[in-house]
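Below, each structure is written out as structure tokens.
Both of the next two complexes hold chain A, though its partner changes from chain B to chain C.
What follows is the complex of A and B.
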């Protein structure tokens, strides 16, 4: 910008502010001046130097509890419905191809993902309520000091929170950050924040292996692992790729408001809709592919009965050696492979592969002894970290306007996944777990 | 069909108002050429169909931030019938800056004065009629989270769409003789350019050129002849020193 523009635009801006001052002067009576509002009172507590962070952690924990506890009965109901539909369609449809497709592909595969509609919507609802109430901005404020010490910008916090729902809008939300370095770091660590797509995997594995009593703790541990890794990675990036101090943080704190039920539900719906759309398109498409590969060649597998003879088993055995050190079998290998597209597909793949079982998916995992608690937890960690899904890669590419950064994210995360899962397995074996 | 666009500073309750207005009819897409999310929805009021587009939140309309650029491009190029500027009633000073910029763009403006409940709670009194008169556009008090005032807002949108603003009526702001003189001179050169005629509001274009707005410079470079551009630059440079 030339010098004249610099001077002129500030002159123009100044005249505008003068005009505003005269308008406000003429139209507004300030009344009793500043009063101590409810917002001020709440902020005294929520933004308190000592109480702020404990309160925030409590709120976060409550949010997850709410999302999972409230949705639990609905998950069971939906699970039962799909199980019944799967078993029924397997017998009622006479054409064996179609019967296999409907019972395994649709009800087994897609059904196993749709079961997770309640917790995902619950999580979105909790996030919406936090945002609409005005607490989210306070949380960012409270966390800023802590984040600054980690080399992160306070404003990174909101994209990171949104990441618990889905990393794609979270990466888009980094647009509000004006420092390019801060923004890049936030984008690159965002996929480590565990999004709702990974939740089905945790719930399936943890529910099956840790039992009702410890499943919640195991899931919380994976979330915590994601946060710790995100923070550590941010520190490393700040010291290497994006040197410098985070830019100062100015945040407007909106007044608190009682969240309106209909607007929170609408908010939840507009986010949840994306999940439904994804389930109907990408996840459904992938399940069809998995179903096809697991039931063909049709003759050799005797109409999809003998999975060991299918294409998918062949693919699985080919890549199995890579995952063998972790104690995962070929099914885990293909589940991870197809999960590259969207992480829900990991569950969908198991749904197709084990869908023929009488019992639920979780019981099938246990009865076939596919995982021990140790290898299962390492698997959860691997799913958390390894390559962000295709949509996230796309979002990073769009926002950075390059293919270099998404490629970088892909490589560093995959490497990190192998390292972390390896460490978990090694540490576990060291203390005598199997 | 009435084409309306919502705009406002971040955190003024714009999303709530958009949700209240359009309910479940929302469609999500992108603004052309950028990854900024574009939400649009429909509503019917007094028998008129209204399409509402939610523009990105912005404090001003410069070419520096993508969000602001998208908003200003949409207003200038797509020419919606009505622009609804959502203003935070308890932060008038800061919010009105955007309002003034919008008036400058000859936008057919309706101001929604949001957080009206908070205004009362803080013991402030805002003279709506006076404010409306000073800004030269309708002002409607609203409370987004309860939906209060939204029927009036819809009425105002339909009314405003019925009476297209006369050109130049948006000149709510007089920048003072020295700058006004400069704006007029630049405007005169712009008016001579027939290729540019009617494509942009002339006064707005003149002001943008005075500010050296990169985007406007780039867009007009193709249209204005190089001698016209040189004229404008020399006018600005000659007079600039006199303005402080």
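What follows is the complex of A and C.
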């Protein structure tokens, strides 16, 4: 039935565009191929068959460097504010239970997530500028040729780009796709596109292990890995679960425009506030749970001083063997477990477990030798791939009107995470990395 | 759009050629200066080569007095502004880190990367490009 509907809609689209072509032929008098507008001139370069994709990659690299390298001092400023608040709460609150709750639970956990506001807002600002300038539609167009070869639909590109912000609206954006098969593929691979929730984890790990000079590139590499995996998975799905050719791609390219500062900032804010809202609700709640589990039983942990005796250590040690081959300890196991709710919680969990303020979180990771660059990169890859967050699972369930597909996404992504991280570790060790 | 004269085109073509070679040389220097070019340097080198290719693809058109040459020059200029601007912002961020006490020193000279120098070299093209495209609509 769905195949019949697809054929019908393709036939209707074809007839519609044939009619448009005949009207255009009759009504439009073509010039001598001269370039008339600035948009035509720029399209000659940005849609060039040789330069189009390299320029797109250049734009992406510039965007990520802007978001991460330029935002660094602003991260430090927020770190210093939370440092002061932590010190103040330690001195001002006499009750040790409450002092622990405020300094570790609130300032330690929530604070360690809020420091990622500058890079996240920076990324959203860059995305807004690209959208407002009209370049994003060109990016979709440039990538269509490439994506078609890989069994993806050109229209898939927009939801995939939205996925860099958040996978939930990205999955909802697949509604614009006519073909059910194209839509299903786009929905199922979307969680492999690195959303902003995973960014705090990358910034923490890459910043600590790769240094400022290479952190942006390490993060770019994880983003690129997500794209490569998404494309490869789409190709596999196209040849197995959803056989057939992608439907034709028609896209109207808007003229270029100089982005308006106020509207770009407004777009940035409307996306960024989702992160702030999540930080104030889900992440806050989770950090409180993590604080409770890491400081209780209160007596056995000597008031949260000996985390090894806490409930969370017990949970961590129980699941640690699963992650031991990757070189990750029980803290990583716990962080990944709580990250199922929202990926930012991975950082919040480390904040509470290491008892470090945001400024010292990266240093604590290094000084306690929790990761090497190799195991750290594999951890970043695992966070990228494993189980989509609960909101994304819910969105897939809602859009497919079934729990079968979210369950499938959950299983295949977890398996893929283990395989890819394992390959990274094995390949790294093969070339002599530890 | 103002007419692109052959004389003007040759002058602009030479300028685009110098910039293209400049970016290519910067990429080679960066590659030579970094024995461990994976993973960080590789991408920044790639970016410099893309800007170089954009300028160089416009040279032939500009020398022949064709408008498509201007398109590539304009595209190259936009990329120069984006990449050079990024390095300028990164230098500003390093300065702020120094002011915040997170960096031990701040040496202005070491912050001036080839991308910033090439942006400065490319900037005189802006008035010419504005003149050539002033009557064009978006």
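Criterion: the second predicted complex is superposed on the first by the 395 of 434 C-alpha atoms of A that agree within 3 Å, B and C clash if a C-alpha of one lies under 4 Å from a C-alpha of the other, contacts with A are read in each partner's own complex, and residues count from 1 in each chain.
Note that in this section a contact is a pair of C-beta atoms (placed from the backbone, for glycine too) under 8 Å apart; a residue touches a chain by one contact, two chains touch by 3 or more.
Quick caveat, the model's predicted, so the values are computed rather than measured.
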| item | value |
| --- | --- |
| Partner chain(s) touched by A:45 [first = chain B, second = chain C, both, neither] | second |
| First (chain B), second (chain C), both or neither touched by A:320 | neither |
| Partner chain(s) touched by A:37 [first = chain B, second = chain C, both, neither] | both |
| Contacts of A:16 with chain B and chain C, given as first, second, both or neither | first |
| First, second, both or neither for A:257, with chain B first and chain C second | both |
| Partner chain in contact with A:363 - chain B first, chain C second, else both or neither | neither |
| Partner chain(s) touched by A:309 [first = chain B, second = chain C, both, neither] | neither |
| Partner chain(s) touched by A:77 [first = chain B, second = chain C, both, neither] | second |
| Which superposed partner A:69 touches (first chain B, second chain C, both, neither) | second |
| Chain B and chain C contact sites that coincide on chain A, given as residue numbers | 34-35, 37, 255, 257 |
| List of chain A residues in touch with chain C within their complex | 34-39, 41-42, 44-46, 48, 50-51, 54-55, 57-59, 61-62, 65-66, 69-73, 76-77, 80, 213-214, 216-218, 220-221, 255-257 |
| Chain B-facing residues of chain A, complex | 1-2, 4-9, 11-12, 15-17, 19-21, 23-24, 26-35, 37, 132, 137, 172, 175-176, 178, 252, 254-255, 257-260, 263, 266-267, 269-270, 398-399 |
| Complex contacts: residues of chain C adjacent to chain A | 39-40, 42-44, 46-47, 50-51, 53-54, 57, 67-68, 70-72, 74-76, 78-79, 82-83, 86, 89-90, 92-93, 96-97, 100, 102, 133, 136-138 |
| Of chain B, residues touching chain A in the complex | 10-11, 16, 19-20, 23-24, 26, 28, 35-37, 65-67, 90, 92-93, 96-97, 100-101, 115, 118, 121-127, 130-131, 134-135, 145-146, 172-176, 179, 207, 210-212, 214, 236-237, 240, 243-244 |
